[in-house]
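Listed next: structures, encoded as structure tokens.
Both complexes shown next keep subunit A, but they swap its partner, so subunit B is in the first and subunit C is in the second.
Coming up: the complex of A and B.
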């Protein structure tokens, strides 16, 4: 697991030496920041270089394509709002992956948890559509969180009680959830006029208020921002956060020192499921106004990419997620401007991740030599 | 019954082929989790090559090579550079998924009616194919079916009945001990991952080449992940995998027939069956089935830690 920790020890050798003390504290901290940021910059540059070469080799204008990917989020108000709307599920699905990862468990089920959260939110929003927003909106969001947490709870139960590998159980539950929401969208609350499996719209009271003139930014963005701060502080400064990180670093030492490791691992999964469930509920309440098939898009993959790139830092995670959201919004523009298929961006993101993982090795060599 | 078996057998081919590829590398300790992506890539490559060259065999072969290439990257990053197997596997799964869609869109483009290829020719097994009920679905098959049968027997024989196979398995059980006996740990891990990943891609190519004749995104539909469950359930043994694959294929066929079966319950709940049944089976699999002791763990010869 050495690749995921914040400061992985060099494989096999002694732990990487701290920066020379002679430079003083300030210089050491600055060097630390450089050592942390440099791999990201280099990985992104390399991935764009390789991606650009690939685009050029396929006969498209590489410069135009990559420019579209990087800048279209900032070209217009609409672009920025859409990017932030994409950022919300990406960052929440990244938490769904990163929180269990802190305890050393892999949650590959953010997709299913998000869909269940959307279903839970939509169920409340449709059934009690007449209630005022002050009651209905919180209920919708809470229902989403609970539904996501329960869905992940199945995997947690299987893990803690029966020691079933959580990778498999979370992934398989995704596919169960696809069928489940297909049933909900075609049999339970079908909207025949939608032309695509979807539920009927939720009540007005379940919609998140918009900020600014149309097209407005939905207020779920602010909610997630607050949540991001809460999680970063919680993981860093609370006993539970400390225990979770300890279990991820050394499960045996934690167990010996009285941490209930398996229960904590289960709790991590449930919390992650809740985050993904919130993503589904917010997308229902803020973006779609209903639960529809395919709304999970590729947020599972993006969440995992962001979660791995943040390397266990809950502070870095929202920023990394924003970078990925920019790329994802840019992908559509790239297809319009340069006719490059959107899948190209997924390849570039995977390349960034691979280069980032590789950079650990390079960095440790360099540090060892220095 | 005969119609149902005709659905089960090709799915058995897919599950067996991909799972044998998975356990081949798993037995040396390399836990491959790229299946879902590599199978999609195999399907895309297999279709595109078969369409362009008008040769299904060529499609299968190139799909194997592309899968082997992914396996090569995986093994270099895990055995040479000792990066986390699962994390690298996930990154490669994403890259392969992206590459699959990209390749198809690049070569074929977006079309109203997707281009179609001729599916593989089927051959009769003399005498046996004339049997009533089971003859037609079991013994009238394309060459991939016969390849899978031979491969499974060969893998069983190699792993469980030869000295070289014992050496091979020891790499996944205790690499340090294997290393001290002069067995080349990295070599075993490298070739098994390359060949195994190639087989997984071939299983993916079987989708357009046998079932549909066309390629669509998401046609693997989670079966790549089921393959990993199958490997665990089969205890990473070739013959158990053959039997387990029959169970998975049966569930899969039931799910496919869900719209027709009815039974008064919504068809979506029957379609869940393969996944729900797998989850239930895993409860027992993780309790009783064995797995290689060093599955998913990298081996560092210079490490002072045990193992």
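Coming up: the complex of A and C.
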């Protein structure tokens, strides 16, 4: 056990989010930052402690395993690029969850929306494969956004018009999407040689340009970075962003003060679906070059974890997502180095979230006593 | 004085975190005594009684009942020791009958459930008869009016053998007639040897029914007085306290609302010369959330600078009327015009732009964003207007600036504009809501129970703000279950019964008993009635 505790805190390591909009002046601000950051740090440390103990108990070398998880993203250029490539769908699926959550709605359909986005992108990329990149690439990405938004829009319409619970509709639409992409990948544009249900490749013009020599970083990463800034600013400074936060805080009070709450809740779902759709389209255009079954991986659950960890802060969300991307990429290396199953990382992520949620209780107690 | 007191609480201390809610409070209540527990909001009255009833555990202090020291750690202990409490909100199973609600949680005697219920029914009828608590034991609770449901709650305590009965602000939702009946029952109880503790902030009521009264302020006992040795002025002075600067005699309006002065004394406050036309409501018909038409064909004129007060028992369409006037609830039929602009059918945001401000009854549910700061709360509703935006985006720096000014002007007790609204006290939340309402420069101001639960200082502040608004030509609608308040501040009083106007009086001609009759559905058919 004692060996585990010596785990070096890795440079720029796991989810240590910045203070989400901790505004204040003077000493109060510093205290605010500490109160905001401390739970993250403590939760991550505790999760690694417990996770390490579990790995050790299962008979694997805990230190080697955790070191692999934490450092492999930063060991090589390849590692960093792969981590950033993973970061893109994680952060977008986190938006897909967190934006509707800001209005008090739960979108559990990010994987379906992502698959639809991938299908939409692939459909454009395959059908118009001869078009030049300047036309085809934007069209591919936009098609992905629209497809994801439309898919979430079904749930939004059901919610606003018929008050159908969005948790149910978004979850169930995931299953519909699985059937749909199965049909697309095996009947519409099947690639017989792929050995796995997948479409034929999209045209060259639909591929995201790579940055740097091979293996290059696809430019979707920069696009998402810009989007992250746009969303953080938009949520804080636009009237619509304010309305979303207001509705999430108290829908009745918002309604009484002139906010069209149900319309806004629907809009939140559609925006979230658009984000997930973009994740699908970027993975098609930047990573796989085609739509393939299983590309949604476990991004739904990671998006939810990140969305919850960010606690409503659109500023913290990309950073938290990066931490999770590091863990996710490190998982593969861990399996190679220490033979620990990759699922162990999911356990650690879950532990971080649990400790983070527990920290609310602890913090309130501490503050109450102070 | 050789007999021991029925109840003796000695040096009770209770702290919540850094707040000392009860600072070494002692209370002595004799048998055959109605004891008034008086004080403003946050004075610690309810906290003290919650300690006695076992809902809170005191940090230190002792409780004696009939001279014997007791430990009360739960309401069950309290009930076994003969302490009963009637809370402001009733915990009743709506679909059960009176008998079923009363016996719930007590063992039934007799061989079978049926026999047990029959025995209980007889006992309840007997209690009801003996203390003048008129209740039909077989009625289903949800069909009973508030006053009767309160009687059920009192019977519940008596059925469990209470000899000390605590009533927490029992008159809030009662008509004057019901208040009289309640007080008569209380007198019967003490005549039979019981003790009653009456928590209230209404001085007139304590003087009407209590033998002794203890005044509390800021978690401490100020003084215990005999009824014979005091009067309204004296009590009000003690309640407000010298610590808040020199005690000013309240204006007549305030005195009526605070209950130091009998209503009807407001003669001479009538507005001379009438009002310019301001707000006009024609044939308004409104449905509630379940589609039931609660307000039908409602007509109303409110002049510029006029205050129209609606008196009524809760659940007679107040919420629906208020929300319809505020543009939150769509009209089924009819129209509403505010200072010349027809607003019915438009989205709520346009009503706000048109100068309609609404101060809702349920502050927490309808009024604030609890986890957002005061700045965000103040901006809500005007967040799309040009005055909070710069280049299309919300100018938070200016918003914080204005929030700081509002905190100052409205004396909101908060650390900074970033303080979360949910962390504020009830009175300060109301000040935030008022600050927001007045920032709209209202032409029509709708206030629903604007001072419920507020202390004297905050109540006075609300009235001052309302007067300032009317001076600027704002039309004001006050909907309140506190009849005294309506009578005190309105130029015109309208009794509301089942969504219709059951009577109208100019402020100089009000008769509270007549209003009470009308708002409970009496006397509308027979012309003149028995005024």
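For the reader, a short list of remarks on this structure follows.
The rule is simple: the second predicted complex is superposed on the first by the 345 of 370 C-alpha atoms of A that agree within 3 Å, B and C clash if a C-alpha of one lies under 4 Å from a C-alpha of the other, contacts with A are read in each partner's own complex, and residues count from 1 in each chain.
In the analysis below, a residue touches a chain if its C-beta (ideal position, glycine included) is under 8 Å from a C-beta of that chain, and two chains touch if they have at least 3 such contacts.
Quantities reported herein were computed from a predicted structural model and do not represent experimental measurements.
Subunit A is touched at more residues by one of its partners, and among subunit B and subunit C that partner is B.
Contacts of A:253 after superposition: subunit C is touched, whereas subunit B is not reached.
Within the superposed three-chain model, A:135 lies out of touch with both subunit B and subunit C [touch as defined at top].
Looking at the shared chain after the overlay, A:229 reaches neither subunit B nor subunit C. Judged by the touch definition given at the top, the superposed model places A:353 against subunit B, while subunit C stays out of reach.
In the overlay built on the shared chain, the residue A:174 is in contact with subunit B alone; subunit C does not reach it. When the two structures are aligned on the shared chain, A:45 is found in touch with neither subunit B nor subunit C.
Of the two partner chains, subunit C is the only one touched by A:245; subunit B is not. Touched by subunit B in one complex and by subunit C in the other is not one residue of subunit A. Chain contact summary for the complex, subunit C toward subunit A: residues 17, 323, 326, 328, 347-349, 351-352, 358, 360, 365-372, 376, 379-381, 383-384, 389, 392-394, 396, 416, 418, 436. Interface of subunit B with subunit A (complex): residues 33, 77, 81-84, 86-88, 90-92, 94-95, 97-99, 101-102, 105-106, 221-222, 225-226, 228-229, 232, 266, 268-269, 271-272, 275-276, 278-279, 282-283, 286-287, 300, 302-303. Within the complex formed with subunit C, the residues of subunit A that make contact are 23-24, 28, 236-239, 242-243, 245-246, 249-250, 252-260, 368-369.
Every residue of subunit A that touches subunit B in the complex is listed here, in rising order: 1-4, 11-12, 58, 106, 158, 162-165, 167-169, 171-176, 179-180, 182-183, 186-187, 301, 304-305, 308, 341, 343-347, 349-351, 353-354, 357-358, 360-361.
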